[in-house]
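Each chain gets a letter, A, B, C and D, in the order it is written, and its residues are counted from 1.
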Amino acid sequence: MALAGVTVSIEAVHENQIQEVTLDGQEICVPPLSMSECLAKSAQKIDFAEEDGEEKGKTTSEEETEAQEKESSAFQPSLWPWDSVRNKLKAAYTETGVLLDVLNIAKEKKYMVLAHVQQDTNEPKSALQILAKKKAFGLQSISSGLSTAASVLMGGADRLKKSQQEIGNRQQTEFHFELHNLRQNWRLKKVGNSIIGDLSYRSAGSRFWQGGTFEVTKNTMLPSEQVEGTNTHSALEVVIPSELEGSSYVQVEVKHVSESTGLMHATLKLPNSFGKYPADAHWQTKLEVAQNVLFCKELFSQLAREATQLKSSVPHVVVGNQIFTNIFPSVQLSIILCHATGKGDEKSQPRPPKVEHNHVLEHSLHQLLREVHHKTLHLDPPHPVTATFGMTKRRRLAGPSGMSRADLKEMSESETLLEQIIKQARHEVLRVRTMTTIDRLASTIPDPQIMAHWSCLNSSLQSNVKIIITSNGYDGLRLTWQSLDLEIGTDSIKVVTKDRRILMLSFLEKELEDLIRWQVSQHHISLSQNLARLMGWQILSYNGCSGVGEMEDFATASSIQLVAPNNDRMLSIRSGITSGLHVYLKIDSKDSLDPSLTALVDPKWLNLSGTFKEIDMEQIDGRNFAAKLEFIMAMVKQKR
Amino acid sequence: MYMDQLNQAVKGGIAPFHEYLLQGSIVDSSKDVLVHRLRGLCDNADSNPEAFHDHEMIFSLKGSPQQQPMTVYLRHSLIQTDCWHLRYVGSTEFGDKTRQTLVRSCVDIGVSDSIVKFLNEIGFKLEYEFVAKGYFFHKGRMKVTVSKLFKMNIQGDVNNIDPLTLSCLVELSVVVPTGQEQVGEDMKNFAEQLKPLVQLEKVDHRRQQQAAT
Amino acid sequence: MAENQTESLIQAIRCTQKLRASVANVFQSLADGCPVEKDNAVAAIGAFQESLLVVYNDFSDVEKVSSSLQPLSSVTPNSIYLSIDPAIDKLPVYQQIIQSYKWSNKVSDLAGYAASVMEPHAKSKRTTQYSSAQAKKVKRISPTGHAVAPTAVEACIARLTQKVPDISMKITHPLGSHAVLQLTLGRILKAQLALRGLIIERVNVRGLTETNLDESQMELWSRSKYDVFQKVTESATAAVLHFYFPHNAEMSLYTFLHWFQKFRTLFSAPCQKCGKHYLNGLPPTWRDLRSTEPYHDVCRQ
Amino acid sequence: MGVVCVYAFPVPEGKSGQQVVDSLQKQVELLGAVKTGNFSVDCETYQANTQAGTLTTTPQRLIHVLHNSEQPASCFSVLDTGTTLIADVLFDVLIHKLTSGKAGKEAFYQQRKGSKMESKGPRYELSDFIIKIGSVSMASNFKGILVEVEYSPCSVPTECWNLMRELMQSFMGNVAETPPTLVKNKMDNFYLPGDTINQYLEHFTNFRKQTVMGQPIR
């Protein structure tokens, strides 16, 4: 570098033009121009009025020449500062020429984009003021020309927009537009002159025989003829096959046979409002309702077919549009297809007594059928792609992985919809029964407290509940809890107690009630046991099934004998399920001692005598048994 | 029932299944259009097309001239890597010109991963191998695959691959138990719907081979 | 000086009251009015003048007194008047404080003794329904183990993972926010633990190789097909009941897991009672709740 | 897949195989096991077709093709090198293709004459245990007794060996003193379906050898 000599770089003086000098001497500089601003400014310097007719052609013809022109002409104003004044007469003519040019340039976008100049209108204006004297006329003519051109353009654009909108508005109510909408939601095809649509679930995997074709026609009624107030007028009408008209649903009921005697004629009466929808309803609602009808029909026919095929000890009954099946003795599940044609042929039927419609089961029925649909379509894709198609991945791997016979059998088993819904219904009945039984017992047995903790995660066939039996005020003492876990299945309840005893209960509520009552009686004994231990009393004996005393209706009573720390008081507690709770106290008195035994020295022998007397627990102060017992224990001990 | 049929077939030593096949090809640039069309035509239009990525090895057993050579096709999925699939394809039934599609007997066997070693040890030799990537569609039981074939630069290395051609192989196939003839008609109809994009035809492999040699 | 100040203040207040009374009097009389009679008029005017005079006097009194008052600066804090208080030295405050301090010390000591004496009893009994104040207090801490934020659950599980190294845990949220723990115990078994917050609601134990038939069915609900795991499930359910501390859910979860990890030796540990592995087709499927030693179902009592 | 132990149960002198099987059955039933049908494991052996010519490139391999009724969807093929292939049952078709000549051409492999062996008998379930008492026959000649005990919940032999031994010894006595060699070699690994087949194959081979030893070569 150094050898090459000193390099001298030349650059423009970094100095900005002073726009204004304020009174305090501060100079306000004009900010340096950016490249585009520079171009815009130099463009403005061009006095278009100067150009003559010859140049016009050039400007429009070529961009580059124009640019050159601009550069060369950029200095013209300074060369000919006063010429604009002289050429006033010529100006009017030139102006129109310029306008033409500008319009040409503006119209054909390839020459020039006007946006930049417009953006800088403020800046040029200040420059304009400075240069006003010099070339006010020329610049004004340009700006006015531009603004006229702009307004013309804007006007045109506005008109175009407006007309576009008008077209759109008009089309909205038109047939083709509607058809377009319809096409986006439903399957349509054109057959001959008519348009046929399909609302069946076939494309979603259904294999139901009944088709769901509908026809699309033009609504000939004019909007003006329409009743006012209905702004849902559409230019399109759908014609739905008569068997899919109206609306329907599948009613699922679980009832006790004993309660409703005339079971077979418990045909469904529909609420009058049901099944009717305005005749001029929008096609979308019409189609949706019709599709629902088809779905319900498929669901019902599937269930009916299964009901007739399924072998069970108590056969399922299919009568007309009803399926009856016994899920438990004297508990019946009925599935009824309700289809109201909504044709006004409804006789004023008397409203039936409100039968409880099980929405949950209805919903799961729908879900089950949809699952079937889904499965017919969504097969496991084969990997590698040449592998047999139509098997699940598990089945495909069954051979190579050496799957056992049991697994294969399990895999090939599948349940019908009816079986599944029966199972769900059973579980539902069982769960509700359990719930009411627990609640009833909890409210009727004040002491001890029975608490039920239902788990929040349930499946449709299983739910869990924990029952905890405590005494109020003593629940901090965890040992005295009696707790059990009920797993409610489809036709039985599995009970696990805290000491890991497993009991299987059938669907009868009585069994659960007995179990809880038994646990309650057990709770009393175990509570006394623990209380005694804490109070320093000794446990003499514990009998889980005492044979003496009143007979219980079921199970056995249990009893416990406690002795005070000083061996002179004894408590005997007997807790029976039906006989209730009895507490006996023995206080030995030396006076009542057999005089012949006075010779005995050891005082412990003195304790042999005495009789047990029952304590009236009602009279003892205390909120519940635990408190009363503690009170008795404390009192008896204290007396010493 | 299925088992009975199978056992019979196994005892008789005949393949109980027939494959109906139509083939065609499409240039890469139009592949997306085809995939789009197939999504619309096939089941599960709502979900994305199922991609696959397989490694295929072709083994053959050649003995003395008195022995008929035997070729098996082994495919290994590179997506579900525990899936190996061995395929034996019988001779094509050409006798019937009226048939719409190519029909051949085939045996599809799922196998465990020791298969390569097994084949090698009983005398099979690897003829060639390639990697196929593409999309899988189905309509009913019809399988449609659009696959791009890649040649492997190093034997056994499924990652070092180069595309074989600038087009994709399109196959429409159904495997059914012997004696279901109406499938061909369905396939033909389906192929019609893809017509301008891809021409699915029954391809005479034997003639092709002869032409090549 | 302060004395004077207060006195003059009091006087000022008094004067003001007086003024107020006299003014009220004037107005009262004006309001009452008077029967206008000729001879009466002069007297009435005189009385009115008199009462006005009283007002004037009172007012001048007030003015006089107020002038003697010093204006209080509003900025001065009240503490400044502490100096007004009598000298501390002259008061027996110190002794009094010492005494009360000693007394309170004694109380706290005695309370400590009492607490230690009463503790075994207190622990054993009641959430004291007798001392109602305390009972109320106890009642207010209701169990919160069921309502724990998912993030807190995750943090707790992370802690437990370190404490119980034998079990590998995975949290899933199959239905809503409540977590289901997937436990894998060595190469022996896996288990699903449905949690509500941190409270265990359900346990299901299955074999390591048992897979789900289809994805839609949750593993939590499908019972194991092996007898042994069904038995273990029952044992675990009973243990959940046993290790249930509603007030300390994390502890109950930990104690349960600690107990549960002993099933690592489900197939390999012999029964503590009969010394054998095999009994009626099953290995020992019970682990003692305290000692965690293995027992056969029938050997445990 | 549980752990499986297969033992050859000796038939004492002077007793027929059927008698031993009967007494075993009685023992197992006494333990409380419930009969749940029958089972069978069969084995067919193929060898390279050497008659086809001297130019053959086929290695001299034996292919044993086995089926186990416990895995009805699978077909097991074991080579004399130990390679075990598990495949769909359709693999039989391929084996058939390999062994049958077509259009006057020779096949690559051929079936060994009289090599088909089978173990058949009742299948019992006792809680999670599956017990199978099989009588082995080769070309319809009684060869011996194979007792198979499976403990399905556990798939690692070390874990449950003691448990299994206690059960097995209760009806088999000292036969089940140690795990079968194949199981012993992989005590700490997961037990796989192929291992059962290999145990059976080993026993079959032994039976075959005994036959060869016992009878002079024809």
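In the analysis below, contacts are C-beta pairs under 8 Å (C-beta built on N, C-alpha and C of every residue); 3 or more make two chains touch, one makes a residue touch a chain.
Computed from a predicted structure; not experimentally measured.
Taken together, subunit B and subunit D share the touching chains A.
Least step count on the touch graph, subunit A to subunit D: 1. Nearest to the common centre of all protein CA atoms is the CA centroid of chain A. Of the two chain pairs examined here, C-D and A-B, it is A-B that is joined by more C-beta pairs in contact. Seen from the C-alpha centroid of subunit B, the farthest chain centroid is that of C.
For the pair subunit B and subunit C, the distance between C-alpha centroids works out to 72 Å. Put simply, the C-alpha centre of subunit A and that of subunit B have 43 angstrom between them. Note on chain placement: the centre of subunit A and the centre of subunit C lie 36 Å apart, centres being C-alpha means.
For subunit B, residues touching at least two other chains, in rising order: 108-112.
Listed for subunit D are residues 1, 72, 86-89, 152, 194, each touching two or more other chains. Inter-chain contacts, as defined above, occur between A-B, A-C, A-D, B-D, C-D.
Partner subunit C is touched in their complex by these residues of subunit D: 1, 32, 126-129, 151-156, 158-160, 162-163, 166-167, 170, 190.
Looking at the complex, you find that subunit A touches subunit B at residues 205, 377-379, 381-390, 393, 396-401. Against subunit C, the residues of subunit A that register as touching in their complex are 371, 392, 394, 406, 410-411, 453, 455-457, 459, 461-462, 464, 466, 468, 472-478, 481, 483-485, 487, 496-500, 502, 531, 534-535, 623, 626-627, 630. Within the complex formed with subunit D, the residues of subunit A that make contact are 398-405, 408.
Of all residues in subunit C, only 187-188, 207-209, 226-229, 266-268, 270, 276-278, 280-283 touch subunit D in the complex they form.
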